[in-house]
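Across the two complexes that follow, subunit A remains constant while its partner is subunit B and subsequently subunit C.
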Partner chain A sequence: MFEFCTDPASLTGLRWFGCYLTTATHFSFYWSFGTVILLLLVTAPCALAFGFLGASAARSHVAPVSLLGRGYIAAVRGVPDIVFFLFFIIALDQGIEWFKHLMVCEDLSQPVWNNGEFRVCAAAKVPAGDAAPWVVKAYAFGLAVFTFAIVFGAFAANVLYGAMQAVPRAQLETAESYGMSHRQVFRRILVPQMWIYALPGLSNLWLILIKATPLLFLLGIKDAVYWARELGSAKTSGNNPFPHGDWRLFYFLALLVFYLLATRISEIGLTRLTRRLSRGQATRAGEEMRKGAAA
Partner chain B sequence: MSCWETFQAYALRSLGYGERLLPREGYDLCQQFTLIGSGLIWNVYFGVLALFTGFFLANALALAKAGRNPWLRKPAEWFIFLFRGSPLFIQFFLAYEALVLLPKAGIEVFGLTVETAWTTRAWAGALFVLVLNTAAYSAEIFHGALKSIPKGDLEAADAYGISGWQKFRRIEWPTMLRLGWPAYTNEAIFLFHATTLVFFSGFPAFQQRGDALYYANYFADKTFNPFIPYPIVGFYFVLITLALIWLFGRINRRLNRHLPSNLKSRIRLRPQLIR
Partner chain C sequence: MKKLLLATAFALVAGSVGAQDAIKIGTEGAYEPYNYIDQATGELVGFEIELGAELCKRAGLTCEFVQNDWDSIIPNLQSGNYDAIMAGMSITDERKQVIDFSENYTPPSKSAYLALSADANIGEGAVIAAQTGTIQAGYIAEQAGNTLLEFATPDETVAAVKNGEADAVFADKDYLVPIAGDSGGALVMLDNDVALGGGIGIGMRKSDTELRAKFDEAIKAMKADGSLNALIVKYFGEESDKF
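And now, the complex of A and B:
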């Protein structure tokens, strides 16, 4: 990074740290925080979409659709945390390969699961054996996002379902008396009003989502936890220009600070959002704001 | 090996009794149920002890946070924010790395040598983290409950001339528990779920003595088939959840026994997923 870094052995004090903290591997570490934030930003809308679909399905008047929605919510909520992550990542991976196996492979005589092995033909490998490294990375990341979205979607569905029930019945009846159809009531009355009821639950979920991101490590992605372990472990002078003892403690302290900051900033942001969404609502907070503006 | 023999060999494997090597062939349902069930002993151990110890700590923290003295309130607030604001996963890592740094030979205190090696083992170190973690979450619940004690109850106590410790013990504390109990039940359930993280974070499983998820992961790795071991773990945890709901429901009934039935607080399962 800096020109005086060419001979690390001669450095001391601040200069040593300046060079140490700007090595290529350290930049991978800093980028991995970006990965975490990217995951959050991609997963949150996906989970919300899953949740919206789930809640709408659970509210449906068609029995099988309603059953599907309720089943989805209940199944994911009933089973403990990381079991789902560990299960889904393998199940999805194998499911996709198995499906592709059925589509593209010529020889289907061999069973896919056999003697403790999972084997598909070479053409059915996902990602393909000769794929570029970034494709492999993107695929792993996509699987992780999908897993997070499914799990958190069920929780969001539960919150949104409750919020839809919480919109005052009179509002919907008024809309119906104006001659709106079911779909119109849903789109113009129910959905715009439900967010304020959903917000406490959703903000809780967002905070939980932030705290769930270290599980990326379990899904085999080189995230901040991976790099913290990698960089922090003791380095000898033989293979490393910057030898040091076991510093994992400090790396994990940095991670801890990152998560505490993320939590704190989100809390502040969510408080603002609550105020913004309360405007013009038929709730106590909305009423107080209306009176405050009039006074 | 018949199923009964498998049971004898592996039922207490997680504690170090029975067969030394983990199963290397077969991987039938009986094996998986036995070994994963054996691992469940650790989940119950962590859950029960952390819940019990954390309960007392949580009460103290909730009182400190609700108190007027800033020397007590500020540390309690920081403690709760620290443990609720960061992932348990990171807390485990951090605790393990910190405990490893303790001198291996032990610490000299007044001429006595205090052993430190045992703190890096999961049964002590992870339990310590879990106690602090559940204490922080429960303290927040109890603090909220403490704040929502009906004004009338406190005024009634004043009118009867009950004050100080008497008032706390007979009015405030039981009401706090009663109001906080449904949320505390959820906390208990998710503490048990959180125990599955222990052997996936910093703490190594000594001589392959792990918890339910550790063995489920072992089977999934060996058979490349996640569709059997993980649902077994799920099944066991559903059982634990039902047992907890039953137990906490009994306590809830007792806490609410003086109220007319329409005012009783009901326990509703509100999962928190991951902490």
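And now, the complex of A and C:
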């Protein structure tokens, strides 16, 4: 990075730290915070979409759809996260390759699962064996987003289901008396009003999602926690230009600051969102706002 | 047109050959000097990375190293995420039931104890730290009177001795020697070396017999012409056991 960094052994004090903190590994560490934020920003809407679909399905009047929605919510909520992350990701990965195996491989005589080994032909590998590194990373990231979205979607579905039930029945009846169909009531009356009831639950989920991102390393993605552990672990002088003792404490403190900041910023955002969503609602907060504006 | 067809056919053949001969090797990336992350560049480096590159060159393979947690390194080989393991993994009968190994590329490795003082207790009632799923952990578990304290990474086993959680750490000698040397006397090697396992080998799926034959041949050649010994000296020093 800096010119004086060519011979780290001769450095002391601030210059040593200047060089140490600008190594390629440290930049990977800094970037990994970006990965975490990106995962949060991509996963949250996906999980919300899963949740919305799940909740709508659970409320459906068609029995199989309702059963599917309830089944999804109950099954995912009941399985411990870590089991889900370890098992589901392997099952999903193998499922995709198995499907592609059936599609593209010519020789299907050999069993895919055999003696604990999982074996598909070279053409069925996902991502392909000669894929560019960024494709491999993007695939792993995609799997991670999907897994997170399924898990958090189930919790979001439960929250949204409750929120849909919490919208005053009188609102829906009024809409019906105006001659709106089921679908119109759902779209124009129920959904716009449910968010304020869903928000406390959803904000909880968002904060739990922030804390759950270290699970990324289980999925093979080098996130901030992995790098903190790798960079903080003791480095001997023989092979490392910047030898140091066990510094994991300092790196984990940096993580702590990051996660606390993320929580604080989320809280501020969520408070604003609550105010915004309360406007014009038939809730106490909405009513107070209306009176305040009138006075 | 004919030329174009020919070129396409050639490209297809070349493509399929390339796909066949491109293999991935899984490693831990946290076990200096066997395999670790270069502090300055962030690349995987170490004895096994250099050896792997040379073996692949001799065997006519295109190899790429990928990093994987030690805990799940065998399951991920089985599920096809990579085709071989080079991660300081000793050849043991227990592991042989699940995967196959190439010939050993290091002599049966010496395991050693590292403790805060030379007279540290490693006998009756001692708490010994070791990395989960290693032969060293297996050995300690069998010692009557010892309590095994397991950790996911090798670094944590050493940290446990420093903060007094464990009386000593038991690991590959080659891993512990540089740590003792760097500690300025705070950590010392004990004089109780134990030879464990059948040396370190490349782990592969049992069904990959062709790949195993290729690696075996390359390792034999490197043993014969002395280049393997040269690599061992480069990474583990003159005193290390050679072939």
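The definition used in the following text is that the second predicted complex is superposed on the first by the 295 of 295 C-alpha atoms of A that agree within 3 Å, B and C clash if a C-alpha of one lies under 4 Å from a C-alpha of the other, contacts with A are read in each partner's own complex, and residues count from 1 in each chain.
One rule holds for everything that comes next: contacts are C-beta pairs under 8 Å (C-beta built on N, C-alpha and C of every residue); 3 or more make two chains touch, one makes a residue touch a chain.
Computed from a prediction, not measured in an experiment: that's the story for all the values here.
Undergrad: On the A-aligned overlay, A:152 touches which partner chain: subunit B = first, subunit C = second, or both, or neither?
TA: first
Undergrad: If we overlay the two complexes on their shared chain A, which of subunit B and subunit C does A:91 touch? Say first, second, both or neither.
TA: In the superposed model, A:91 contacts subunit B only, not subunit C.
Undergrad: Could you tell me if A:25 is touching subunit B, subunit C, both of them or neither one (first, second, both, neither)?
TA: Second partner only, subunit C.
Undergrad: Tell me the contact category for A:163 with respect to subunit B and subunit C: first, second, both or neither.
TA: Neither partner.
Undergrad: Just checking: does A:215 make contact with subunit B only, subunit C only, both, or neither of them? Give me first, second, both or neither.
TA: first
Undergrad: Just checking: does A:189 make contact with subunit B only, subunit C only, both, or neither of them? Give me first, second, both or neither.
TA: neither
Undergrad: Based on the superposed arrangement, let me know which partner A:241 touches: subunit B (first), subunit C (second), both, or neither?
TA: Second partner only, subunit C.
Undergrad: Is A:230 in contact with subunit B, with subunit C, with both, or with neither (first, second, both, neither)?
TA: second
Undergrad: Looking at the overlay, does A:264 come into contact with subunit B only (first), subunit C only (second), both, or neither?
TA: first
Undergrad: Overlap of the subunit B and subunit C footprints on subunit A, residue-wise?
TA: 90, 94, 116-118, 217, 229, 246, 248
Undergrad: For subunit A, which residues count as touching subunit B in their complex?
TA: 77-83, 86-87, 90-91, 94, 113, 116-118, 151-152, 155, 204, 208, 210-215, 217-218, 225, 228-229, 232, 246, 248-249, 252-253, 255-256, 259-260, 263-264
Undergrad: Once bound in the complex, which stretches of subunit B touch subunit A?
TA: Those residues of subunit B that touch subunit A are 27, 81-82, 85-91, 93-94, 97-98, 100-101, 190, 192-194, 196-197, 200, 213, 216-217, 220, 222-227, 230-231, 233-234, 237-238, 241, 269, 271-275.
Undergrad: Under the definition above, what is the set of subunit C residues touching subunit A in their complex?
TA: These residues of subunit C touch subunit A: 16, 18-20, 22, 24, 29-30, 32-33, 36-42, 45-46, 67-69, 75, 78-80, 98, 153, 155, 158-159, 162, 178-179, 181-182, 205-207.
Undergrad: Provide the residue numbers of subunit A that touch subunit C in the complex, in ascending order.
TA: Where subunit A meets subunit C, its residues are 23-25, 27-28, 90, 93-94, 97, 114-120, 122-123, 125, 128-130, 217, 220, 222, 229-230, 233-243, 246, 248.
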